[in-house]
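Just below is one structure, and these are the notes that go with it.
Labels A, B, C and D are assigned to the chains in the order they are written; within every chain, residues are numbered from 1.
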Amino acid sequence: MKIAFLGLGTMGLPMAANLLKAGYNVQGWNRSAGPAAKLAERGAVNAATAAEAATDADVLISMLADDNATRSTLLEGNVLATLKPGAIHVNMASISVALAVELAQLHQARNVGYLAAPVLGRVNVAEAGQLTILAAGDSALLANVQPLLDVLGQKTWYLGDRPEQASATKLAVNFMIASAIGAMSEAVALVQGYEVDKGEFIDLITSSLFAAPVYKGYGQAIATDTFEPAGFKLALGLKDVRLAQDAAERVNVPLALAGTLRAAHVESLAHDEGHLDWAALSRTAARRAGQI
Amino acid sequence: MKIAFLGLGTMGLPMAANLLKAGYNVQGWNRSAGPAAKLAERGAVNAATAAEAATDADVLISMLADDNATRSTLLEGNVLATLKPGAIHVNMASISVALAVELAQLHQARNVGYLAAPVLGRVNVAEAGQLTILAAGDSALLANVQPLLDVLGQKTWYLGDRPEQASATKLAVNFMIASAIGAMSEAVALVQGYEVDKGEFIDLITSSLFAAPVYKGYGQAIATDTFEPAGFKLALGLKDVRLAQDAAERVNVPLALAGTLRAAHVESLAHDEGHLDWAALSRTAARRAGQI
Amino acid sequence: MKIAFLGLGTMGLPMAANLLKAGYNVQGWNRSAGPAAKLAERGAVNAATAAEAATDADVLISMLADDNATRSTLLEGNVLATLKPGAIHVNMASISVALAVELAQLHQARNVGYLAAPVLGRVNVAEAGQLTILAAGDSALLANVQPLLDVLGQKTWYLGDRPEQASATKLAVNFMIASAIGAMSEAVALVQGYEVDKGEFIDLITSSLFAAPVYKGYGQAIATDTFEPAGFKLALGLKDVRLAQDAAERVNVPLALAGTLRAAHVESLAHDEGHLDWAALSRTAARRAGQI
Amino acid sequence: MKIAFLGLGTMGLPMAANLLKAGYNVQGWNRSAGPAAKLAERGAVNAATAAEAATDADVLISMLADDNATRSTLLEGNVLATLKPGAIHVNMASISVALAVELAQLHQARNVGYLAAPVLGRVNVAEAGQLTILAAGDSALLANVQPLLDVLGQKTWYLGDRPEQASATKLAVNFMIASAIGAMSEAVALVQGYEVDKGEFIDLITSSLFAAPVYKGYGQAIATDTFEPAGFKLALGLKDVRLAQDAAERVNVPLALAGTLRAAHVESLAHDEGHLDWAALSRTAARRAGQI
């Protein structure tokens, strides 16, 4: 079985490496050359073009940056046109629901299987093969690639037979992350207004009711004003809040909190903070309160 | 040492009982007779009036329902006027910052110590003596009563020497709970718009990024539409969001999310859901989306 | 007929003067002495205390600053206790619905008539006797004082037989003013982001779809950054947004926009702009966009 | 001089007819045949295709429905490719800033002039040739077509030399309309909570502070619950709020109120009210309050 792996960025590289390590035949490709070279060091045969990687592939895994990168690689880059009938494409990137729907139709028209399988977890989780995988699409196809997903993640959640169900779910999770950071930011501004130490407050909540990874990770960054290097950029957080609104609007679901959060994110960008970690949203709450 | 315990409701009764069990001399009082009788069964001498309980008390602990109950008992009920100079009042209820400030001044004028010590945790946590205690006020006073607090809670966080610092912190936490429920409610509406099973979604988030008590508890209620009996009533949640806004406004801290959340809570009340559990806020998100 | 007029501030003084000019017997009172002296110059007999003014008055008109001033003058200042049975109190100040309800009950218990009659219009409108009067209370009482109101205003709107109906309506209008200023502020920030001249934009809207006093007045201030002297202080605008929320909440009406607007107002206060004209809310929109 | 007029819908037909009446040589085109026939009755020579209309045109005026219609007609329909160098295209439709920027570049590349000139005013205003025109682009080009615009409108506002400045301004105005309707809707819900007649309230505000066309028009519809036929559909209002957010985001301007308003609009769509007049947004405010 030949696996093509497109997109060897921060997340894609360790994922592809894990497949190699598990003994799979992986041909990698990345827009820029550096990451592909790193994969080659681990034994992969790299392709000169994405279409070359797709040639004769049984399974194509893509982990491209966003809608634009996905669209340009798959469509303009002739990847979809190159895949053989019966091949399976597992798209593990987080994309819009609109693109998920469009890709599902295009694959079907070419008799290529299409699964959406975006993930939860950052680089270290990807390296450990412990990602949480949100999968949707034809369940028979999923069964075929489940051994591969088991190499990459600790658990695969099956969300339905339409790929956009996984996209919507991923966006719902990211909307919840934005909400958690936003609420924590405002709560910190409130207690700071009373001269309560913010580190103490973060310790308090993350050792009791909010003892969860998302609060611990972003909370620690907020408590120590550590926003670089960015684990996940605030500007990408804004993009996902926007995509969550768009996804919700397709099915007439109002997201009142998303509207409020989006304005806060845009305000961060207006103050040149889009390149900082998502936790830097706390700076907007502090700025609004005249605390910084 | 004589301890007076005012307010033997759902939370107060097990707390007072734990003090009795630890060997302390506790005189209880409750507005209605039933709970006091239960405490008497466990060995307490109950008082006919709150002022009687306060007579000669070394430490007064109050756990009254809200601002009104606290104000009427302490002031109109002559409790503060009865306490002997040098006594310590530990107020463990969640009250407004405005009342916390006012009480601190009134106690000081009478030479009675005043500590604010609201708690995190529900009945079962109170019964187990495992509450999280948020304390503020004079640190020397706190040292005096720490042995008592150690009977009631697993940990006491010291937030500063002004009692309102604990009130503000408690309100900040409750605002975060409201945000968590609100965001989870909208996220559930979003995935339901795509026919993703909401129980599956709640399982997914609470076993990964949001694996925290607040999401597990309220999430389970949302997933199963179980809003009765109410662990904490939605109407009380609205009251705390409002008090958080008021507290924030005293120190010029804008809470944008609180504004959005407050409107959702009021909408719940407009649909006769204020008596339901706080998790029933999810019904407003579903109703807005035309899902119920 | 003796008229007592309490509160001779910016609005009250010209109103009382207009009654004098119309030939009425007016006894004035103001907390501070200066304004009362000005009224005396126009022929009024001033009272040393509010209660003295109320003695033997047939009609008491009050135009006090806010809830606190109203409460302390009427209740602690013994005005209500002094009014003779059958007298009519016309409260023309903008107060909370809660206080309107309370005052209605207290007056009824003393057999004194009570009408709420808050007004629209600023000082120059008051001077011209052209106020818009929003009246509520017993219609027979209103008929009795209508000749007085006709001196003060160009039109009296009758909103119902419960005084709080006028309070709620006045707060609804002020909430709409806050919305108009808030939306105009954000729209100006948007066009300024595209280097469209804000004066041009304000001219454009106020000479077409938004050709109304509220947009012209506040729009001109926004276009020219003229926020002093304050026609109506931003901090008072915040108070009225809060009172509108409270009024709405008493009858379970969610005001989503009020929540968003309130946060913007608090942010203005956090940047020491509460003493500026309400139009200065535009500075918060510009600040959020990084434009100032 | 030959004028091509693309898009003979509700607005375009009377505009093209006014040009004919003023003696101009107008060749019309519309996607569907009916409106073109009506224009022919008034003396126009209609074109079989948009490209045919564009052939040899000196001035092309387009008034197409939205971004999609504009894009497909101009680009896929070969209109731009057909226009002769030196021709001027006046786009009077309301489109996104993104498309305005893109079209400006495409026209420049082909040496065709491009002006954006969206309008304020409904059908009856268009018929009377009294539109308010918001123009942007090269001022020399504008001078060339000003005689035509003077036939169509009462006043042309010049907003800058980049076409997207007019698009952004039009979207800012529509965002303000959404805010006005939204605030009026919540204010009406508030006073109705106190049993104040909503017709009385609308009369009150529109004869005083809010005596402007936008409040009178939508207010009358709200007061009488008259939402059909739709003067401007609520679903189109949502589209414009979204485009205003997008336009603002391009230049890092947060629109907090737009976020809140957008959620209300989506809620209207979730209740099958998107085809009703924009004023039907009031139903969402009433529904949230449990009033309908």
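Simple rule for what comes next: a residue touches a chain if its C-beta (ideal position, glycine included) is under 8 Å from a C-beta of that chain, and two chains touch if they have at least 3 such contacts.
Not measured: the values here are computed from a predicted model.
S.K.: Considering only chains that satisfy the touch condition with subunit C, which of them also satisfy it with subunit D?
M.R.: Output, common partners of subunit C and subunit D: A, B.
S.K.: If you tally contacting C-beta pairs, which comes out ahead, A-D or A-B? Let me know.
M.R.: Of A-B and A-D, more C-beta pairs in contact link A-B.
S.K.: How many angstrom lie between the CA centroids of subunit B and subunit D, rounded to a whole number?
M.R.: 53
S.K.: Between subunit A and subunit D, what's the gap in Å when you average each chain's C-alpha atoms?
M.R.: About 38 Å, centre to centre.
S.K.: Enumerate the residues of subunit D that touch no fewer than two other chains.
M.R.: In subunit D, residues 248, 252-256, 258-260, 263-264, 267, 270, 288-290 touch at least two other chains, as defined above.
S.K.: Once bound in the complex, which stretches of subunit C touch subunit A?
M.R.: By the definition above, subunit C touches subunit A via 256, 260, 263, 267, 270-272, 288-290.
S.K.: Which subunit C residues qualify as touching subunit B in the complex?
M.R.: Residues 242, 245, 248-249, 252-256, 258-260, 262-264, 266-267, 269-270.
S.K.: Could you please specify the touching residues of subunit B with respect to subunit A in the complex?
M.R.: 97, 120, 132, 134, 155, 157, 159-160, 162, 164-165, 168-169, 171-173, 175-177, 179-180, 182-184, 186-196, 200-201, 204-205, 207-215, 244, 247-248, 250-261, 263-264, 288-291
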